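Given below, in the form of structure tokens, are the structures.
Look at the two complexes coming up: subunit A is in both, with subunit B in one and subunit C in the other.
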Partner chain A sequence: MINLLSRALLMSTPLLFGAIAEVFAERAGVMITAIEGIFLLGALGGFVGAYLSGNLYLGLLLAIFTGMAVAAVYGWITVYLKQHQIVTGTAISILAAGLSSYFMRVFFGTPILPLTVEPLKAIPLPLLSQIPVLGPIFFTQNILTYAIYGIVPLSWFILYRTSLGLTIRSAGENPEAVDVAGIKVDRIRFAMVLLAGAMGGIAGAFYSIGFLGMFTTNIIGGRGWIAFAICFLGNWNPLGVLVGTLVFGLAEALAIYMQSSGTMLLPNELFIALPYILTIVLTISRKSFNVPAKLGIPYRKEN
Partner chain B sequence: MDSPYLELRDVTKLFAKVVANRHVSFSIQSGEVVALLGENGAGKSTIMKILYGLYHADSGEILINGVARKIASPKDAMALGIAMIQQHFSLVPAHSVTENIILGNASGRINLAAYQKQVRELATEYGFDIDPAALVRDLPVGVQQKVEILKALFQKARLLIMDEPTAVLTPQEAVKLMAFVRRFATAGHSVVFITHKLKEVMAVADRIIVMRNGEVHGDLLRASTDEKELSTLMIGRELPPLPKELAIPASAKEMLRLDGVSIRDAHGGCGLEEVSFAIREGEIFGIAGVSGNGQQELCEAICGFRPLASGSISLDGRDLARLGIRDRIGLGIGYVPADRQKDGLVMELSLAENMILKSSYDAKWKQWRLLDRPRIAQYANSKIQAYSIKAPGPDAVVKELSGGNQQKLVVAREVDNGTRLLIFDQPTRGLDLGAIDYVHKAILAERAKGKGVLCISTELSEIFALSDRIAVLYKGVIQGIFKKTELTTEKIGLLMAGYAIDAEIPNMTKESAK
Partner chain C sequence: MNANLRDLFLSTFFAVVLGIVASASLLLFLGKNPIAAYTLLATSIIRDSYTIADIFVKATPLILTGLAFALPFKASLFNIGAQGQFYIGALAASAVSLALGERLPGLPGILLVIVAAMVAGGLWGAFIGWVKAKFNSNEFLISMMSTYVALAVMNYFLRTALMEAKHEYPQTDTFAPRLWLPTIFEGTRLHAGFILAVLFALFTWVLLYRTDLGYRIRVVGHNPTAARLSGIEASRIYISTFFLAGALAALAGVTETNGVQHMLVQGFNPTLGAEGIGIAILANANPIGIIFAAILFGALKVGGNVMGQMSGIPASIIEIMEGFVMIFVILSYFVRNFLATRRAKRVLQKSLAV
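After this line comes the complex of A and B, so read on.
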């Protein structure tokens, strides 16, 4: 049980990075529909960096860089060239799938055995990890999972308690008001897309070097889209997103647990499909959304 | 002598080679209220948007206290103390009053409580009754306007530009706004009041700049002019009066009847509460009210877009409950919606295609089951002639027509669709006086043919000019139904604001205490 919860927290970490990234961008009015591609290339970048340098942190750095590069392309097309966000993002995600196979070949050829790196280790925090039950769950995690303890409240604070947050939220609700206040709407939006790229890159790298220690081209398997959905389900609020990611993390941990425990109560595939089924069920059952009013709509100044 | 607080010199602005402003020059003194008077499309808003940094002039200069300044953005304008309240408010509906006011004016960590206090003090100082924590989307338009004004005051504006500020207000609210304007000017600040209403100009302005076709056609002191002179300067000609109205014959049958019609609105808009009235053949039934009080819902209920929660609607004795939108069009209901671009036209389609938008399935447009394009073009052409729509031809794309011509197109189509009943929601919004006159005459002509007309407008002058009877709608409730002669502007203003004026008037529905 403790193991399951600890695993749930672990598995919700990348989703949280992705979903918070999405919250910031969508609050500013841009849907990151390229998020699946950002995850995937982040995972690749993280693995390549870590494998070639032998340092996981350099891998993370490369993942951030890769994620931002993809986001910059996406942001340039959607924010500055005002193109359709869903079409652009979907195209980039598909392109990313092709690019990741291509670069794997370029860097590593076709190895007989899958290449691996040593994944991020759990760092038990002194004293805190000794607390019964809570210790193993909350304080024996890897560094990225620890980071989310800070990121959630910090994101909330920035969004609701600072002028930057007010500007971001206004850009998604009524960009004209931001413009009239003398702030460049496109600049804010592009910055949020870049931020989302960085965080999405980390999320992707979590799967390759934070957890599995290897890279395969189907490593993300739609989790970018799940992060995308969690942003909606969490009502564009970091706290709501936290709840959402924990639910999904638990579902994923459960799937892995069932897979490894060998109990055949239900077909294993059902558990693997659980997060995806959950996405659909929750999206349908959610009644009221506080969708940012201008989400997905490029800002065009009249004349 | 001191140079004026602000001076515009020879400002010219072109939009895609069309002149919006030509050599516009005038000045504004400190402590002065200047009215910028002109019809729609006269270039009033354009010149002020240049001053506010939203548009950039192609030539000319702006001087403040005698020094030439470059205003490249609203930020520059604000730094110079210039603020503008636009027709479409630039507020964030989902945010609170305070958050809206401090947007762009605060940095770093926000101490919301302190700002709220500051906003409340500012509001009290100017006599505005506003809750700083309220969400803007929950506020009536009149109050939202105050939020915009507070935003300007918060930024310590010295010159306040207001673009058609009274369009969204009841007469009483407008009076209060004028009082604020005077008071703001008395403190040594300046106000530019953009309007096309002569009455307002005479009530509030010290000086009046009249614009027509992008040029200044008069710069007069209020004390030395009158409404007649201003009207002639503004229009450039005199408009013939509307034809004298006919009495409705006693034999005229009742045609449209609403009984206790209620609509629930789930989307935060206004519903309808127990609305009952009847319209006779050859009668224009006017509905006055501030926009957003259930007008559109009422139209849509009659046309069949919205299900009724209770009550019934009948046309010529036939219950409409089970009839869909197309059936109702078939019965002869024509509808000119308030938002012609959104609800009345497909902007990317041609004039001819828009003409048959609501009857394209009709056999009269078809040959071999396909659309008979020559016949449709011919029909469109006949309407272009009849309504003097300024368009290159039936194939012209509608978005390239001016607002007035788009409206004429919708009116032409609906007059033909509505063989029995015509519904006009804001039939002249955004039109210039010439086009308004045209639409009004068309409405009266249809009335003379014995059609029933439901005419909804927020412009009281329009309601009074056209209607035989007048109802006032407030928060989805009919405040009373009156003969035109029973009402004065003051009375109707009170009703529009939700006050009951006279318990003896029949048909009066008491508004439930808030």
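After this line comes the complex of A and C, so read on.
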């Protein structure tokens, strides 16, 4: 049980990075529909950096850069050129799928055995990890999971208690007002897209170097889209997103647990599909959404 | 020629060329000569009738998944789940084909397979439209997620009820040859499914621009408020549009199982849905344009495969070409819009000057 919950927290980490990334961007009015591609190339960047340098943190750094590079292309097309966000995101995700397997080949050729790196280790926090039950669950995790303890309150504080947060939210609710105040709407939006790219890159790298220690081209398998969904389900609020990611992390940990436990009461495929079914059920059952008013709509100054 | 139409053709042409050039430049990373590789690509796709016919074989399911995105798009709905609807269609086609065996003569048997697959995929799609109509759920998310569920459903059946007699691989036995879609050119793999796909593209065009339902679909897409005021029930449009989209994507399942592989194999054609979106974008969601865009993507696939076999370039170059072409096509929308606005301004200035 403790093992399961600890695993659940681990599996919710990348989803939280991705979903908070979406919250910031969508609050400013831009959906990051390229998120699946950002995750994937982040995973690739993280693995390449870690494998070639032998240092996981350099891998993470490269993942951040790759994520931001993808996001920059996405942001340029959607924010500055005002093109359709869903369409652009799909194009970038297809391209990312091709690029990831292509660059694996460029860097590593065709190795017979899959290449691996030692994934991020759990760092037991002194004293805290000794607490019964809570210790192994909350205080024996890797550094990225510890980071989410800070990210959730910090992002909530920034969004709701600072003038920067107000500007970000206004860019998605009432961009004209932001413009009138002399702040460039597109600049705010593009910055948020870049931020989302950095966080999405880390999220992707979590799968390759934070958890599995290897890279495969289907490593993300829709997790980017789940993070995208969690942002909706969490009502564009970091706290709602936290609840959403924990539920999904639990579903994923449960799926892994049921598959490895070997009890065949229910078909394996049901557990694999569980997070996706959960998204569908929750999307249908959620009633009151607090959608940013200008979400997905490019800002054009009236002439 | 109309200036906007000229811009459309020119900008799309340049977008495709730029997309191919951009992907070619990546070959330098592998130390390959891009010019030699792409000369090989261009010559290899017109090498013999078998390869030429294969372009149309590859284009067949792409036409259908392209339509499966384009039709809801006209109603401002996003069907990102064509991949899942395709899997459900393939699954239903396989189940019916295996159950039928030799029991029915060819034509009625094939028709039954097609109807079963289209109904199954249609219902799978209609669910998305239904929850959109009933609960105002986000169809983009639901359709996206439904693909992963469909994949799990297909894998489950391939491991249990539909698994081959030998029980070795997650795939079905070969279907009875009478249920294969007939070949239309001897000595090639080109099957009747291509004709079906083209017919359905024409059907979709007629539906959209010459029928009452198509008019309603476009009104809902163009101006939902006006649609409601004029008494069009959006919820019905949601359900019927998604049913049709699901049925079209499911037909792609039939063309692949009964037309190409003659069995169902786990995880086959995993990119058809996304490529369909690309094709719809390339064709500006026009059903007739989709036929040509699909043939272009089919040529890229065939050429990319041949290039890979002959010069050791990984097959992922195909996705890279598709991705770059899509991105440059999106950029070409921007350029076209810019040109049209400038033209309009000039006309305005002229009329003011007079």
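Please note the rule applied: the second predicted complex is superposed on the first by the 303 of 303 C-alpha atoms of A that agree within 3 Å, B and C clash if a C-alpha of one lies under 4 Å from a C-alpha of the other, contacts with A are read in each partner's own complex, and residues count from 1 in each chain.
Throughout what follows, a residue touches a chain if its C-beta (ideal position, glycine included) is under 8 Å from a C-beta of that chain, and two chains touch if they have at least 3 such contacts.
Every value quoted in this text rests on a predicted model; they were computed, and no experiment measured them.
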Applying the touch criterion given at the start, work out whether A:Phe232 contacts subunit B, subunit C, both or neither, answering first, second, both or neither.
-> second
In the superposed arrangement, does A:Thr162 touch subunit B (first), subunit C (second), both or neither?
-> first
Figure out whether A:Leu154 sits in contact with subunit B (first) or subunit C (second), or with both, or with neither.
-> neither
Tell me which partner A:Ile2 touches in the superposition: subunit B (first), subunit C (second), both or neither.
-> neither
Hey, is it subunit B or subunit C that touches more of subunit A?
-> C
Considering only the touch criterion stated at the top, classify A:Thr88 as touching first (subunit B), second (subunit C), both, or neither.
-> second
Scan A:Ile131 for contacts with subunit B and subunit C and give back first, second, both or neither.
-> neither
Note which residues of subunit C are touching subunit A in the complex, please.
-> 26, 29-30, 78, 80, 131, 135, 137-138, 140-142, 144-149, 151-153, 155-156, 159-160, 271, 274-275, 277-278, 281, 314, 316-324, 326-327, 330-331, 333-334
Spell out the residues on subunit A that touch subunit C in their complex, using ranges where they run on.
-> 73, 77, 81-84, 86-88, 90-103, 105-106, 221-222, 225, 228-229, 232, 267, 269-270, 272-273, 276-277, 279-280, 283-285
Considering the complex alone, what residue numbers of subunit B touch subunit A?
-> 15, 55, 73-75, 78, 90-95, 99-100, 102-110, 112
Across the complex, what residues on subunit A touch subunit B?
-> 161-163, 166-167, 169-170, 173-174, 176-183, 290, 292-293, 303
